[in-house]
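One structure is given below, encoded as structure tokens.
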Amino acid sequence: MPPFARLLIANRGEIAIRVIRACRELGISPISVHSDADVDALHVQMADSSERIGPPSPRDSYLSIEAIIDAARRSGADAIHPGYGFLSESPDFARAVEAAGLVFIGPPPETLESLGNKLAARRGAQAAGVPIVPGTTVALGDDSHELAGIGYPLMLKASAGGGGRGMRRVDSPGALADALVAARREALAAFGDGTVYAERLLAPVRHIEVQLLGDRHGRLAVLGERDCSIQRRHQKLVEESPSPAVNPGTRAALFESARRVAASVDFHNAATVEFLLDADNNHYFLEMNTRLQVEHGVTELVTGLDLVAWQIRIAAGEPLADAVLNLAGRGHAIEVRLYAEDPYDDFRPSAGRITAWRMPAGPGVRVDAGVSADTDLRTEYDPLLAKLMVYADDRPSAMDRLRRALDETLIGGVQTDAGFLRWLVDDASFVGGSYDTGLIGERWGTDHALDSELGALAATVALAARTMAETGRVRAPGSNRAGSAWGEVARREALRR
Amino acid sequence: MPPFARLLIANRGEIAIRVIRACRELGISPISVHSDADVDALHVQMADSSERIGPPSPRDSYLSIEAIIDAARRSGADAIHPGYGFLSESPDFARAVEAAGLVFIGPPPETLESLGNKLAARRGAQAAGVPIVPGTTVALGDDSHELAGIGYPLMLKASAGGGGRGMRRVDSPGALADALVAARREALAAFGDGTVYAERLLAPVRHIEVQLLGDRHGRLAVLGERDCSIQRRHQKLVEESPSPAVNPGTRAALFESARRVAASVDFHNAATVEFLLDADNNHYFLEMNTRLQVEHGVTELVTGLDLVAWQIRIAAGEPLADAVLNLAGRGHAIEVRLYAEDPYDDFRPSAGRITAWRMPAGPGVRVDAGVSADTDLRTEYDPLLAKLMVYADDRPSAMDRLRRALDETLIGGVQTDAGFLRWLVDDASFVGGSYDTGLIGERWGTDHALDSELGALAATVALAARTMAETGRVRAPGSNRAGSAWGEVARREALRR
Amino acid sequence: MSDLEVQIDGVPVAPARGWRFEIVDPARGIGRLVNGLASMPVIVEGGASDWVVTIRGRRISVTVRSWRERMLAGADTAAAARAGPVAVRATLPGLILSVAASVGDAVEDGATLLTIEAMKMQNDVRAPRSGRVIEVSVHPGQTVATGAPLIRLE
Amino acid sequence: MSDLEVQIDGVPVAPARGWRFEIVDPARGIGRLVNGLASMPVIVEGGASDWVVTIRGRRISVTVRSWRERMLAGADTAAAARAGPVAVRATLPGLILSVAASVGDAVEDGATLLTIEAMKMQNDVRAPRSGRVIEVSVHPGQTVATGAPLIRLE
């Protein structure tokens, strides 16, 4: 018997599709939601039905608790999966779901509340005997003397923060006052809460996180770590498991700390405990995210588990299987995120219509995509296009596989980070496993002059293309393409009926 | 250092692409070959370069030892991978490769020779103490008395046979004489050798095979079994590992028999030992195939290994790693073969142009395809389009995943066996794991009247399509499509230059 | 529109109640059937009155005709029924392996006329109805294209 | 054909020796570069003189012009250089978060003029050259489309 009959997915893009697939496999009818910008989106096409939830602006659609609860009621859903981002960590949303008599696929609202407050989470971890990043454990006032013991450079962080927002690096006491004002303003604007705290800026440091699954019967599974040290703007680009920096002793210590943090809150469902790991293998608690992570697939590849299916089963009350509790990972998995971002221009987001879309396939390759050819990329939403994951029996083979998979990947119409990723798999510090969070700043840098060999190859292609176009042998995207205009009209009309 | 610099792949379709991917990951430059029919084929596009080997007829191209050795010489290859089928088990080809100073990715020619003779292989297995299917171990004469002890029904088989050719079922002594004449004629026509032998027709029976890897240093890895019982015309359609019919005791016995057979020949590289398993868990040696099997991916999914990479490494002299020798599989994998065949008309091959091609993706799904949209299917070659494989932590989850993946699969333009496969994943004997080689004959049968619900749905679609076409909102494949004509001209010209 | 009649295998078929078709990729004929509670991907190919719809992996030939088209088609069928000889044509390109029928043979409906090797498989070509063989156009070893006349029956 | 000149970022570029381009999917602009020993998949978009070539994940804008087109373009550029005011436009649609520049301000090349939120990220819009702000067309809270004029510099 399926755990639920109909499940509404309060998200979009690749993660909505990921949950749709889990629903299909569990025998649950998946219902999607869409803003007016997403009428033709892939996640709408793949669901059994889709409910309109508002205009394109996320505030009025994917972040509207009322619109989503309404959609769930209309569609007859008995559970809601929030995906990641949007409302996934909103205690108000979780409460509204439960108040509507539906099951929220996630932890209790109180847990979301207590962990959403990063300062409270820091205090909780400390009380549980887990090392935290040196810094303040109470809201920062205006007195810079509180920070004297931390040392510079330091990071100001929003207590209500997440996803890199409301963070400010401060290099000296003189820069503190201005940074404090800016961080508070940004935090207030983004989260409605201007509380900030300070942490010492550790460097070189790696970002390591531990995946947890907990059921409603007090059983907890620790499903290995992921190394997420390759970041731009404090957001992850690449993740791998196991971490090449973590030795068995450190792993045991990380797992023990993760267990302690989990035990200190009323947690069930999927969660991740994030740590920083310094060059001496000391780890420091950063935060606990009580939702599915973007990079959960890396853990799925090494454990063989389906984390989304387990999220749904746990929410329905199913206990974790013994085999899950005692699971050892196997092999090595790496994920790279394909973003509509320009790595040659500071990873600035790009927009437009995808004209060509070829994803790799074959042994050890998994692609979770949210778009396809002819998708229009809108600036309202996250620029994540797809997650490309590889699995092999060891790290060098996984790296070779990733390089091969990236060589098969072709995306036209928008600049993506694929060029950066292709560079990365040949970078000595990544290949050697010795990288830290400074990799992009130090090794990729900002100087990306076109080398003459690449320019000459581009010239060859453009010259041939113009010649072929003039002799009528090719009509490249950019000139008008037959069919697409009709298609849009037909699709829109069908959905409006 | 890559084991070889340039490797020529003497095959086409999905298996050529599979080997290309392994080459890319190993740092080897892959070279493909093509007949005149395959100038635009996917395996040509994905290689570094491709050599023409002759006209479309396989006899004059993919089966031409001379043309392939020439192609290898021209392209500067230092090794040849034969794939499966075509020349993969030809001792003459293996000898010619070695005579040309190149490395043959496979066992020594003598091993191919001795195992290619199925009668000799039966005698060898028997001598090694492995049970064989009851029947004759010498070439059949015309005296039907030799068969008295075997019992009816029985199977006549070609000693030089393979792939289901030259096989004849005989139900009674009276039918023997005619069948013998027919089987000999067919064997002579197909293999140039009319020698046949007889085996008792065991039923109900399952087809179980054991995967082996052996290095050039005498080390042998036994990499689990595959259940290949779902067949039509004695050819496999579905494979899974582990077999739901094999208990630990039977598994140990199968592995021991496989080891004995391997030890009785001078074997290295990849091989499969095939057995029949009766309802009482008795197993009987059938044959040993000293090449990569179509269904090798199923074993890759449960072991995490790359069998093609190991084939290449072994051929270069690398010893098998200890971890490979002591490997235990994990989880469950199922493969279904997407064929251009009409399951509603006795799996008769179909041909034509593929107008639409959508393959499933996401967690636990692997697709090894040899074609894509706009590929013209030629009747000269095997109708295998793609292998769809799924992996999950247990068999029921793998089955759910396979059902989901098949629901995502869309192929237009030609009739495929997808409808049969979709039926299969809901069939009680397949889902329950209790099926045998009689499944298709007994449960799928031959009566495939369209049920009225499906007819009504098709009517809905066709009516809407005609209406959309008349209002200019859709131009479905079948009417002429812009661009493709140009495309062909451009591609052909580019390759001829 | 109400003028259009849908037939499958010559039998009129009513559209499924509550389902509607949405096009997703018009260039490839990919779309889906939806009824508000469930959805099903489908492919449609063809044009004018002749369509092929693929649902759950099965290709279904569907005829969609206006009143006028039905009248014209009716006349064709009647004409065909009056005609005498029937040509047996190759449905797949391939190699003629053997020819069982000779000119003058009386064959039964379903009898094997000849064998073609296509896609590595031997395919028997059978008589579409009983009759006498009046012409054999092929011989063993010959390669034929799709639609090539093989044998004529009277 | 010898009449065609290729430029990248205004600099003439010679095609790579020994490489040629083959088209694989003309509708999508997918092709590959081959030199007999290696191959590399590429995408090409565009038409006439303006092309974008994607190689190894990098989009490269390439101009392919005949002698006549070069002459015409030269005249355009010269005309543009003579013109005075420059309009700063939105390169992405988004929400104006803040406007740092006011009419009358003298700004340096590279100075932040305003901040737009697009794709969940704050993007600073900077001055393309030094000059005086003569017009501010937007205010915080306003949503702008790609190409919308934001600020004019004199």
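Going by the order they are written in, the chains are A, B, C and D; count residues from 1 in each one.
Quick note on the criterion: contacts are C-beta pairs under 8 Å (C-beta built on N, C-alpha and C of every residue); 3 or more make two chains touch, one makes a residue touch a chain.
As the structure is a prediction and not an experimental result, all values here were calculated from the model.
Peer 1: Report the chain whose CA-based centre is farthest from the CA-based centre of subunit A.
Peer 2: C
Peer 1: How many angstrom between the C-alpha centroids of subunit D and subunit A?
Peer 2: Subunit A and subunit D have C-alpha centres separated by 30 Å.
Peer 1: So, what's the distance in Å between the C-alpha centres of subunit D and subunit C?
Peer 2: Using C-alpha averages as centres, the distance is 54 Å.
Peer 1: I'd like to verify one number: the distance from the centre of subunit A to the centre of subunit B, where each centre is the average of its C-alpha atoms, in whole angstrom.
Peer 2: 39
Peer 1: Provide the list of subunit C residues touching at least two other chains, using ranges where the numbers run on.
Peer 2: Residues 20-21, 23, 25-27.
Peer 1: Two or more other chains touching the same residue: where does that happen in subunit B?
Peer 2: 407-408, 468, 473-475, 482-483, 486-487, 490
Peer 1: Can you name every chain pair that touches?
Peer 2: The list of touching pairs comes to A-B, A-C, A-D, B-C, B-D.
Peer 1: What does subunit C use to touch subunit A in their complex?
Peer 2: Checking each residue of subunit C against subunit A gives 20-27, 32, 34, 36-39.
Peer 1: Under the definition above, what is the set of subunit C residues touching subunit B in their complex?
Peer 2: 1, 4, 6, 8-9, 13-17, 19-21, 23, 25-31, 33, 40-49, 51-60, 62-64, 92-94, 118-121, 123, 146
Peer 1: Can you tell me which positions in subunit A touch subunit B when the two form their complex?
Peer 2: 17-18, 21-22, 24-27, 46, 297, 300, 304-306, 308-309, 323, 330-331, 359, 361-369, 391-393, 397, 400-401, 403-404, 407-408, 468, 472-475, 482-483, 486-487, 489-490, 493
Peer 1: Residue numbers of subunit A touching subunit D in their complex, please.
Peer 2: Against subunit D, the touching part of subunit A is residues 163, 233, 340, 344, 348-351, 355-356, 358, 373, 379-383, 406-413, 415-422, 450, 452-469, 473-479, 481.
Peer 1: For a test of understanding, state which residues of subunit B touch subunit D in their complex under the given definition.
Peer 2: Touching subunit D: residues 29, 45, 47-49, 482-484, 486-487, 490-491, 494-495, 497 of subunit B.
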